[in-house]
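Here you go, one structure.
For clarity, chains are labelled A, B, C, D, E and F in written order, and residue numbers in each chain start from 1.
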Amino acid sequence: MIERNTLRQMWSTGAETLGAWLSVPSVVSAEAVASCDLDYVCVDLQHGAADYSDLVAMVQAIQLAGGIPIARAPWNDHGIIGRILDAGCHGVIVPMVNTAAQAQAVIAACRYAPNGQRSWGPTLAARNADDYRTWADQSIAAIPMIETAEALRNLDDILATPGIDAIYVGPADLAISLGLGPTGNDGTPIFDDALHHIVDACRRHGVVPGIHGSASVAALRRSQGFRMITIASDIVEMRAGIARSATQARSQ
Amino acid sequence: MIERNTLRQMWSTGAETLGAWLSVPSVVSAEAVASCDLDYVCVDLQHGAADYSDLVAMVQAIQLAGGIPIARAPWNDHGIIGRILDAGCHGVIVPMVNTAAQAQAVIAACRYAPNGQRSWGPTLAARNADDYRTWADQSIAAIPMIETAEALRNLDDILATPGIDAIYVGPADLAISLGLGPTGNDGTPIFDDALHHIVDACRRHGVVPGIHGSASVAALRRSQGFRMITIASDIVEMRAGIARSATQARSQ
Amino acid sequence: MIERNTLRQMWSTGAETLGAWLSVPSVVSAEAVASCDLDYVCVDLQHGAADYSDLVAMVQAIQLAGGIPIARAPWNDHGIIGRILDAGCHGVIVPMVNTAAQAQAVIAACRYAPNGQRSWGPTLAARNADDYRTWADQSIAAIPMIETAEALRNLDDILATPGIDAIYVGPADLAISLGLGPTGNDGTPIFDDALHHIVDACRRHGVVPGIHGSASVAALRRSQGFRMITIASDIVEMRAGIARSATQARSQ
Amino acid sequence: MIERNTLRQMWSTGAETLGAWLSVPSVVSAEAVASCDLDYVCVDLQHGAADYSDLVAMVQAIQLAGGIPIARAPWNDHGIIGRILDAGCHGVIVPMVNTAAQAQAVIAACRYAPNGQRSWGPTLAARNADDYRTWADQSIAAIPMIETAEALRNLDDILATPGIDAIYVGPADLAISLGLGPTGNDGTPIFDDALHHIVDACRRHGVVPGIHGSASVAALRRSQGFRMITIASDIVEMRAGIARSATQARSQ
Amino acid sequence: MIERNTLRQMWSTGAETLGAWLSVPSVVSAEAVASCDLDYVCVDLQHGAADYSDLVAMVQAIQLAGGIPIARAPWNDHGIIGRILDAGCHGVIVPMVNTAAQAQAVIAACRYAPNGQRSWGPTLAARNADDYRTWADQSIAAIPMIETAEALRNLDDILATPGIDAIYVGPADLAISLGLGPTGNDGTPIFDDALHHIVDACRRHGVVPGIHGSASVAALRRSQGFRMITIASDIVEMRAGIARSATQARSQ
Amino acid sequence: MIERNTLRQMWSTGAETLGAWLSVPSVVSAEAVASCDLDYVCVDLQHGAADYSDLVAMVQAIQLAGGIPIARAPWNDHGIIGRILDAGCHGVIVPMVNTAAQAQAVIAACRYAPNGQRSWGPTLAARNADDYRTWADQSIAAIPMIETAEALRNLDDILATPGIDAIYVGPADLAISLGLGPTGNDGTPIFDDALHHIVDACRRHGVVPGIHGSASVAALRRSQGFRMITIASDIVEMRAGIARSATQARSQ
């Protein structure tokens, strides 16, 4: 039985949670990353390359290493959200949730009746608890992404949706939606204001504000009030490390 | 057609070659690593987790990114060495070559008759040249590993084997064979002497001395005379980068 | 050419059909299960772990062993239903069909025009018949799942949808939707009544009533009037058999 | 960096483009096909057997061989269209686009804001250009399929949708929708008229008319005005070649 | 139960057998090829790209289509020969058998005691017969490759090895070993003589002479006395068909 | 860190160890089996269908469920034995060890210098201990199979090989080698005597006697003195359970 505190337990104490991002579909890298000092490890089924059977094995690898597995769904689709949770994930990040109706669809996919319409069949997920149904109600984190101007306009309605545990800002898509480039926007008022607006609304609604990022912006995000911060990515760290090693070795 | 200079062309000019190591069986990480400034990228079929069909696709990914693919065989086995070359690799590192007879077996697996006994069937490898047979004779690098006390004793016989282009030192196995621990042996005379002995013998026989390593020891290895130096590994860089990011983010 | 009677042929004679469930994504287990005395073998793409390419190979394994392959779709999605049938399945079970409109969507995905909107391209499925289009119209079983209180309310409308061959009760989800726990509900009036209501409505509409189950409840389900009964699951039988063997071996 | 002209560049000069179709999920066949003299190579995720991770590796194989990769989505689904483009495809063919709203959904999935809602994360696709976002806006081909009577009725509205670069006729599905059999319809007025009507409307709207086909009908399609013509399929050519070889060898 | 005559039954009647070659690791192409009029279908684990789990599923696909599956081992290795037969293959082609001792090793791997040392465990292969052990003794074809000058010198000893059912000439490797190029050697006396010598020796020893080839040389091989002739390859036919289609379509 | 006692720790206390056998290459079934009350779970790379990358993920699944993973090598091959241990297995069963030299080869592959020649690179295996090298020396179980008449003749020499922790009888192959059929031999004196002889020799040499079996023979094997007994197999239990369920459901 998995003994570690879940994300929702950590959040309920007010704790900050830091995580890593997996774009490489391999159980080898998944176990290596999950052995680091992280609060969650997220398998990206949207912009990453994994198929569902990759996810099933990678969640095992993450849990073997003592990590807490979550995944990003490819889209706000009832079927794949259920399958992600059936693999044993403790939560799901869902892209492009722009309206309350879309937020409700996320909840419907994450919760069993009467709180939602998730279908029963946790063959693998049952490893998380003796009484999985109770555990799932208490532990599964439903995490819509806030990443468009439309979502900003509907933010209070989205955050008021019963069952939303946290939201996750996609800063690149949010910036593009605000008319900016995908990166390099900290310090631009329209971008900073949007983040401030999101964190502020989360506080009012008792929702944990999360955001995609890197170690270099972690302190800034913390100071902005974010409490779920992705601080590294497998493929980014690997490529940067190899490139840095090559430069170092050639220049000595 | 692949236009880049091969390892043997680079070596023939006296150039130093630096490379990276792939332990993760994924085309995603393979392409990312191969896009860095490297002279070769080696898929490890001995201690890495890839199967042969992983190798086939990873070699494509490496060549797409402009890298030069080689692989380490799981063992000195004629069948898998041929398959590695058939996948399109420009060379093969073969573990635990301790005698001249074992070195001859490596050559037999790497060269077509009359220089060896490699079997014809380069369906994929033919992408490397219009006339693959001529290209293969001129380009395939046969690279036995020198990593035991027995190999040190037989070094001149091994290096005198016709067709040996380079050798590759496995410092961990060499150290263990010399009665040391697998790592941290630079400065220990028996270890330093062994490396010196290997480089010296390579110079006498016109063979390129290679060695497994990391960016932090690259300058030392260069000063010792090595000309084929592996300076980074996918899984090591990934794990270190994620761990460093977590520490950095938590400590700010 | 596959000679065996299809599910719809068996149903047309009033025959009862018994099947098994595959949650393990492997051609090895698929062939083993399909070699048993079963009327259908269902690959579960909802709560099972298979990806589409697993399904393609597992359908081959099932048909090699003389079994009749069907699959459960991950969700009521036109694209995956078409792909399931293209793999050669004789039918598709579709989760959470709660309204007549949803039932019509199932039919649209299962039938070629003018009866639906399935897209033509049966590269693999063509193994089922010389004239696949005619065979498909006569043989593909469209099987919506009835597993919510909402579906019970809309049952007559769902069953009146032209093209519905059978329905499949998910007893766990149905129970949860009725306010019960996922298992152990036989004898609870609200549950028994729901099953009675479903079978009764099926009889009126000429639709075959099916249900998920196990060997231990097969006799009960038969007495309730179900004619498509899943009586075993790969992973359940495997785990139970191993656990029983361990207990037996330890206690002797 | 990939230097070859994109489909949209070729189309902008009025050039005809010929392509091949991949139904076999393998990097081996993908590279072999892409080495032929073709303007595009399309991986079929609708009626073909590939999963997403197959696509990722097959796109690498196609680009390694100098081919231009596109893919057919399994359905008009925002999530998978984005993933197809993230794999590095230069375009996406989307089945069963019957209304302007459905065409707009295709564009929304293919274009970044403000022209659409594609989500940012081109880890693999970034191989196509130093500035991927600009490249994507200029290069990604959004290609709805016209293959139903309903689409014919809505053709002007579909073609007037901003961002449609080309359309792709599925002649089998179009024929079925028109009450014909899936093949052998050239010369049948209702079928010929539909093709004429589509090409004519494309000319008026400045959209490239494309169609699925084979080498034997390429001249006819060209004379009908089609400028994107699929002229061969991996599995069809393989099976025909093997069958022809067997006949030839037996009859000599 | 598989009813079709085995290769050895066909050979025992003096019949000629024609086959196809699979280099693409896919169950889709395997089934398509096996549906043609062939006496055997060979999965190439030496120069092809398949791993063992590909073989397992491809053998299912071949047998589903009514084909007789054999495989070429990557090398004369006891372990993989046993695994190939365990997958259900009716025979195994073993590369580079140059001595009687090597031929005996092939037999040892193919036959159960007392005729050899094959290990028992035919979980999948048992599909071939109710009494697999008897069937295997009567049906498994052990087929060493004759493809070097050394093998020619030892030919009588090799062919006299008890249990050799057929031999298979690799004309490319044989030519290379004879000092020629890999292709285009028919008409060259040293090559023609070698083939004549092999067929002649096979006749004397009651062994079936086989050879790798193509449809265009089938008649010649038949006239030379070969009775097991590979007349087509998946990847060759696919690439040739696509290339021919492109040329045809462009030139019309 | 994995806390559970290793096989060698259990054996050192005189404990009996019971295990299960995995022939299905899937992480889903591996986790399910490993969650049962077993002392080891063995992935069969000889007669099972798994490739190496299957093994890597299955070992993770077994360890996640708290099981102790071992594997059977496809053959007595240095390369694959090392790779099996690198995946994290606690031991390796090696087929057909018939001589002391072959037993020494097993030890050479399992032990680091100076006790053997295993190559260093435990990227995944390092999960087993902070000091993997020490752990490996103390924990890795080297388990040759005794399954031929030749091995019986050489038994004392084999068992006297330093480093042999246990042996594993393959009763089917042993029986075939003794001139019997593969199954049903208990009670036949030549077979019973062979088992008695093996257990007796093991006692003299301080080696643990192991044997392949099933729950139904566990008590007999215990009474014969075996202390490592495989009591169930995934595929056998699955097929038997499905067949029994079908019979039960049809007969009610």
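Everything that follows uses one rule, which is that a residue touches a chain if its C-beta (ideal position, glycine included) is under 8 Å from a C-beta of that chain, and two chains touch if they have at least 3 such contacts.
Bear in mind the structure is a predicted one, so any value in this text is a computation, not a measurement.
A.B. asks: If you tally the C-beta contacts for A-D and for A-B, which one comes out higher?
C.D. replies: A-B
A.B. asks: Quick check on the interfaces: D-E is repeated by which of A-F, A-C or C-F, going by over half of contact pairs matching?
C.D. replies: C-F
A.B. asks: Whole-Å distance, chain A centre to chain E centre, using C-alpha means?
C.D. replies: 52
A.B. asks: Starting from the mean Cα coordinates of chain E and chain F, work out the distance between those two points in Å.
C.D. replies: Spacing between the chain centres: roughly 34 Å.
A.B. asks: If I count partner chains per residue in chain B, which residues reach a count of at least 2?
C.D. replies: 23, 25, 27-28, 32, 35, 49, 51, 56, 77, 80, 123-124, 235
A.B. asks: Could you pull out which chain D residues touch chain B in their complex?
C.D. replies: 27-28, 31-32, 35, 56-57, 60-61, 63-65, 123-124, 127
A.B. asks: Residue numbers of chain A touching chain B in their complex, please.
C.D. replies: 18, 20, 23-29, 32-33, 35-38, 49, 214-216, 218-219, 222, 229, 231-232, 234-250, 252
A.B. asks: Show which residues of chain F lie in contact with chain B when the two form their complex.
C.D. replies: 51-53, 56, 77-80, 82-83, 86-87, 112-114, 117, 119-124, 133
A.B. asks: Sort out for me which residues of chain E touch chain B in the complex.
C.D. replies: Against chain B, chain E makes touches at 23, 25, 44, 46-51, 54, 73-75, 77, 80, 95-96, 147-148, 170, 172-173, 176-177, 179, 181-182, 235.
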